[in-house]
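Next, two complexes with chain A in common: one pairs it with chain B, the other with chain C.
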Partner chain A sequence: MSIHLSKDGKTEKSALWKPSRRRFLKSSAVASAAIVSGLSFTRRARAADTIKIGFVSPKTGPLAPFAESDEFILAGVRAALGDELTLDGTTYGLEIIVKDSQSNPNRAADVASELLLSDEVNLMVVSSTPETTNPVADQCEVNEVPCISTVAPWQPWFFTRGGQPDKGFDYTYHFFWGLEDVIAVFTEMWSSLETNKSVGGLFPNDGDGNAWGDENLGFPPVLASQGFTLTDPGRYQNLSDDFSAQISAFKQANAEIVTGVMIPPDFTTFWTQAKQQGFTPKIASVGKALLFPVTVETLGDAGHNLSSEIWWTPSHPFSSSLTGASAKDVAAAYTTETGKQWTQPIGFAHALFEVAVDALTRSGDPSDYDSVRDALAETKLDTIVGPLDWSAGPVKNVAKTPLVGGQWRLGGDFTYDLVVTSNGSAPAIPTGGAFEAIA
Partner chain B sequence: MEWINAIVQGVLLGGLYALFATGLSLMFGVMRFVNIAHGDFIIIAAFAAFTLTSLTGMHPLATLIVVAPVLALAGYANQRLILNRTLGKDILPPLLVTFGMSVVLQNLMLEAFTADSRRLQSGALETASFQVIDGLSIGVLPLLVFLVAVAVIWSLQRVFYGTGVGRLLRATSDDQTTVKLMGANNAHIFAIATAIASFVVAIAGVFLAMRTNFDPSIGPARLLFAFEAVIIGGLGNLWGTLAGGILLGVAQNIGAQIDPGFQVLFGHLVFLAIIAVRPEGLFPRIKA
Partner chain C sequence: MTDMSVEKPGASVSRATRESKIALPILIVLVVFLAAAPWWAGRADMRLMVEIFYYLVLAQMWNLLAGYAGLVSIGQQAYVGIGGYMLFIGTVFLGVHPLAAVIVAGVAAAILALPSGALLFRLRGPYFAIGAWVLAETFRLIFAQVSALGGGSGMSLPTDIVRSIADGRSAREAVVYWTALGLAVGSVVAVYYLLRSRFGLALTAIRDNEEASGSLGVNAWMTKFSIYIIAAFVTGMTGALIFLQKLRISPDAAFSVNDWTAFVIFMVVIGGIGTIEGPIIGVIVFFVLREFAADWGSWYLILLGTVAIVVMLKAPKGVWGYVAERWGLSILPVARRLDLNSVLDPSRKSRH
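Showing the complex of A and B:
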């Protein structure tokens, strides 16, 4: 029984010969059924009436702001598809099962394996920071179920999981931008103003901080080559209550630019102390802390003209392949529905399902893991976050999305508006104004 | 000059740690009770003040008029209805129950207030400062936090050593059984201790929320430094708790001045050194 006929009539090796616990159990079960009924089979999740998508996201815990728009996005996807998927004239039921990672990598791995082993999902999607995407992608890779992930710069997703650029992964696919894009965007913003090119760096001792401050792959070598001098006092612990040491060091170096990748409470502590201790840089470009408008609002007027990288805005000239809605439409619908200002993860959460549905639809057989994976690998799709193409990535299994830079400005429809000011790396995305110094 | 700056800022930071720690110190002093949910209570106070300011536009400091008494009452009720039932010979039940409370509170806050990062805005007070000498500026808000911490501890000492309630609290701290024999109601005394602790928790919460952002999940992180301040200062001694907070703040800032990576480490090292040399803390009032 090691050789059998698959659907298209070619012989292929049974899955039994690749040792994997889940595959073994499943294959044995299905194999016995197949022997009894005399049917041929390929490796599939279950009788192909309902297709299941598993979705892991941090609905609670410190990463919860990333998942805040998930309910809204899911409702939109369900409404657009009507809980079914039609391909080649066959209609399948479609079920999306959502599980909460509680912002905890161990928990993320647990719920992922539940989705894989108990719910037997056909496809996994996962979003929001390496703490969520990596454990889930690892589970999928081991269990050989296709997985699409996003909202984590690609280096921590790829290299931290032991990825090798020429080999890549077999079942896990990722789309987002990378560290090289942030560096390009930040230096573009800084070069557009007259400064003494002295930069103060605030890099915490976490995955992001160590990557950004890395001597070889992070900011330091690029800044040096572009004539900036970087003052990097060293890695601090997250949730620090005092930044006097860094402020003294920046003052001494006469830094006119401040950069880093900080969690929101730390940036607020730093920025408030900097003002108290008379340190007033012209530019502050900070990753992570300035992602969500509510966080910028907590700074009062002191948030004006703070700059950060921008992955997605309503003015991005893209639209959904699923619903046809433009970025602007989706953001507006979110505000109407929830009364809240749009946030950047909205576009990416939506795109995740665009890619999922597209891959399932093109797979020929959505219940077959390998067919879905093959379709996923060939994806070339214009999504709400831009064109995705896994054949053009920096490494295997990664597709890049465009990144621009901009500033939070007081006024507009909400307390703060995020204005795109620097689009050198992605000219298709329109700017909304010129880069300004902090007054 | 930056060293002097680091030490001065560290002393001011110590005031904040002392505020975090006072409630914990007090509850431990009277009941030998460690409240794992202490950090979450601080965040609840912050959210209560946040709700008040967004509804009425009150100044964050003014909200204390409402928030502090409400938290004190809630603390009293919580102690009488739940926590008193966990007290006994076994030290595990209070730990487990307050740990559970911590999880429940975080999730309730997440439901009620979402995961958004908030802050109590106090306008110009946030960034106001004055220059002492060249290279040394003191922020008005950190100074205020420090002075309030001193005032709170001074007032609590007055309550403990100058009032009948204080005498009862001290007596209970010394010997619960004998106090009970004298006709005092332990359940009530414990609840009063928790009420006072919760009053201070409200103050700590409002000042924390004025200093920086808070969100429902941030409470437990505030618990560790509070514990260390209590232990360094010596159990049951409130002035000791202030000293512990200051020592912790200064040690952290000196560490940070050497390398920001040493900031938290230096605090922990001082804590360990004191545990090694004086396990009872610097100024213990209760014999271990």
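Showing the complex of A and C:
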């Protein structure tokens, strides 16, 4: 690969062509006008009577399945509000500006600051994995604009941002479940079957994997106290193509349970190789990888009875504070409109806007950042993902949502259906069957 | 501009061109105008310009490597990442002021570039390119193992450290802006003078024929190695600046081949490789495209790819290469020109 070019374009000059300075000036004027308009494009003045909500989500890239339902949710929110917000008799325009993080934390920080500085949003909402929520929340914290985030367990959101439990953050608020919940759900599922209590752990070296595998705050101490033995072959890199080392370690330990928090392609690789190498545990409870039906479908029949944490289903007994629609209604509308099976982020994407609208409405002055922040901190709202209350959180700035566990089963309404089997931590959420071993 | 023309009877060798003489005062005014941005630009504009400036520096450095030293590296993200992490190590663990940490980051990148360069320089052409990428991935994996830096999860820059840059938000933003402007202008000026020096002459000789240049006493290895270290130093400082603006670092963000090398190659190739003006044009083209099309999702990336293909087919020397060839322009000339007009046209006597 060699690039040989003239150091200076001035080596040859066409004799036929007479330089026209006017032409050059004209084209450069056009170019500079384009640049200037490009800049001024980012300097839209904020209309006093329009409230803006910025929304960052990974519309493209590997995290795109999380954002698949965004358009549907946004259409529903816009229809419910009619692009307006009324409080204390004053009607404000409401604009929701959506930016794509491209599943890239660098880009997430960039689009967040575009929203903060050029669109001058009054409130930021952000969703889907620490790689999206954290850079956006950091920009909001420094720029002193309130931010609501979700769909990332609270520990990687809180601790890797340098959060201290007593101090918390000034402008950034988060709602989701935490590791303690997923540990409780997983161990509940595992205890409902007769096993040798030998667990193989697959934790990648990323935000989630480090938190789940943490010696003090993650799975290891809780499993030890409940009599499980954990075989943890160490952190692997995402997008690995060979899990032989892990599989042979699990076989050696005679692991009947496999757990971890994996990205979907890695779980597919692992599960396929485990089958090839004759390793079939009774239970496979894996976070993150098994959220979307499309991942389970790629496994063919081998996806039957794989288990996962469940944060939201159409059978959750909750309804929207914005539209009054129940979880069942929203999921059914999604399937009717898009022809696709419901996914868990639907509920949370909707809840983000419930919280946002609620905080803006209670703020007194939705154009004042601190008023909105104060209203947000005092939120007590029954949403489509359950009741939210920031004063009851495990740490400052965090509100928890209920978590249950369940399995993917063949032969229901869709190719695979997600069935709630374990609701010990949230009995209000009905189960759809008992926990079964992988055949 | 120093008049480097050598008077010879009847003919002269000059470096300055008519455009360059006109352009110099315009460029100076432009830099002064840009330096005053904190007084006339909005916060969003300043942030965008900081981003433009650091991409300009990365583009100039990649161009210096590939366009002048023939070192096509797809691993420059290694030094962006090291610089970024040095900012966090320096400010969070060593208590260095963020701006001082930018310099520290450059020095650290240059020091790490010494063994890395020595290793990579055993490879040539495409092997060098891939080797550089492998090296950057190695750095990414190493930083992902350091739990004090958050491992694979990364870490955020504490708000207190961001506030320590300067008193108040506008002062802080102005300081970051000037640092970025300084790096951008500094890199263009440095490359310009570097290429006009003996060193630049050696580089040109190596580029044209490495063996022949060796016979004339040019130490090709040392010349290229020095360029590699200089590029690492400047890229490292830029990395620190980038993550001072991003506020959060993780191995994937810091050592992103897409963000810190692929886009930069796009800019240099579109603008015109092997010219100082080219990267500037390329950066402008990239940002104009991004401002208008970034919200198109995947179509935006498809658009970038299409633009790159069209430019490579229709104007292989990039936009500036095309302009310079057709109109015979050179705003920042680094070549020597033999001017024979004074021989052919007796009415134009050389000045005395």
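Going forward, the second predicted complex is superposed on the first by the 391 of 439 C-alpha atoms of A that agree within 3 Å, B and C clash if a C-alpha of one lies under 4 Å from a C-alpha of the other, contacts with A are read in each partner's own complex, and residues count from 1 in each chain.
In this section, a residue touches a chain if its C-beta (ideal position, glycine included) is under 8 Å from a C-beta of that chain, and two chains touch if they have at least 3 such contacts.
Computed from a prediction, not measured in an experiment: that's the story for all the values here.
Judged by the touch definition given at the top, the superposed model places A:Q237 against both chain B and chain C. The wider contact with chain A, measured as residues touched, comes from C rather than the other of chain B and chain C.
After overlaying the two complexes on the shared chain, residue contacts for A:Q277 are found with chain B alone; chain C is out of touch. When the shared chain is aligned, chain B comes close enough to touch A:G300, but chain C does not.
Of the two partner chains placed by the overlay, neither chain B nor chain C lies in contact with A:W390. In the superposition on chain A, A:P130 makes contact with chain C only, not with chain B. Of the two partner chains placed by the overlay, only chain C lies in contact with A:S113; chain B stays clear of it.
Contacts of A:T60 after superposition on the shared chain: both chain B and chain C are touched. In the superposition on chain A, A:W212 makes contact with neither chain B nor chain C.
By the document's definition of touching, neither partner reaches A:F353: not chain B, not chain C. Common to the chain B and chain C contact sets on chain A are residues 60, 205, 235, 237.
Against chain C, the residues of chain A that register as touching in their complex are 1-14, 17, 19, 24, 31, 34-35, 38-39, 41-43, 59-60, 99-100, 104-107, 109-111, 113-114, 117-118, 130-131, 134-135, 138-139, 141-142, 156, 160-162, 204-207, 209-211, 235, 237.
The touching residues of chain B, when paired with chain A in their complex, are 2, 5-6, 9-10, 13, 16-17, 107, 110, 114-119, 121, 123, 126-129, 131, 137-142, 211-215, 217-218, 221, 225, 249, 252-253, 256-257, 259-261, 263-264. Of all the residues in chain A, the ones that touch chain B in their complex are 60-62, 64-65, 67-68, 103, 205, 233-237, 239-242, 244-246, 248, 252, 264-266, 268-269, 272-273, 275-278, 292, 294-295, 298-300, 302. Residue ranges on chain C touching chain A, taken from their complex, read 17, 42-45, 47-48, 51, 66-68, 70, 72, 125-126, 129, 141, 144-145, 147, 150-159, 162, 195, 204, 207, 245-248, 250, 252-253, 256, 258-259, 272-275, 284, 287-288, 291-292, 294-295, 297-298, 301, 317, 320-321, 323-330, 333-335, 337.
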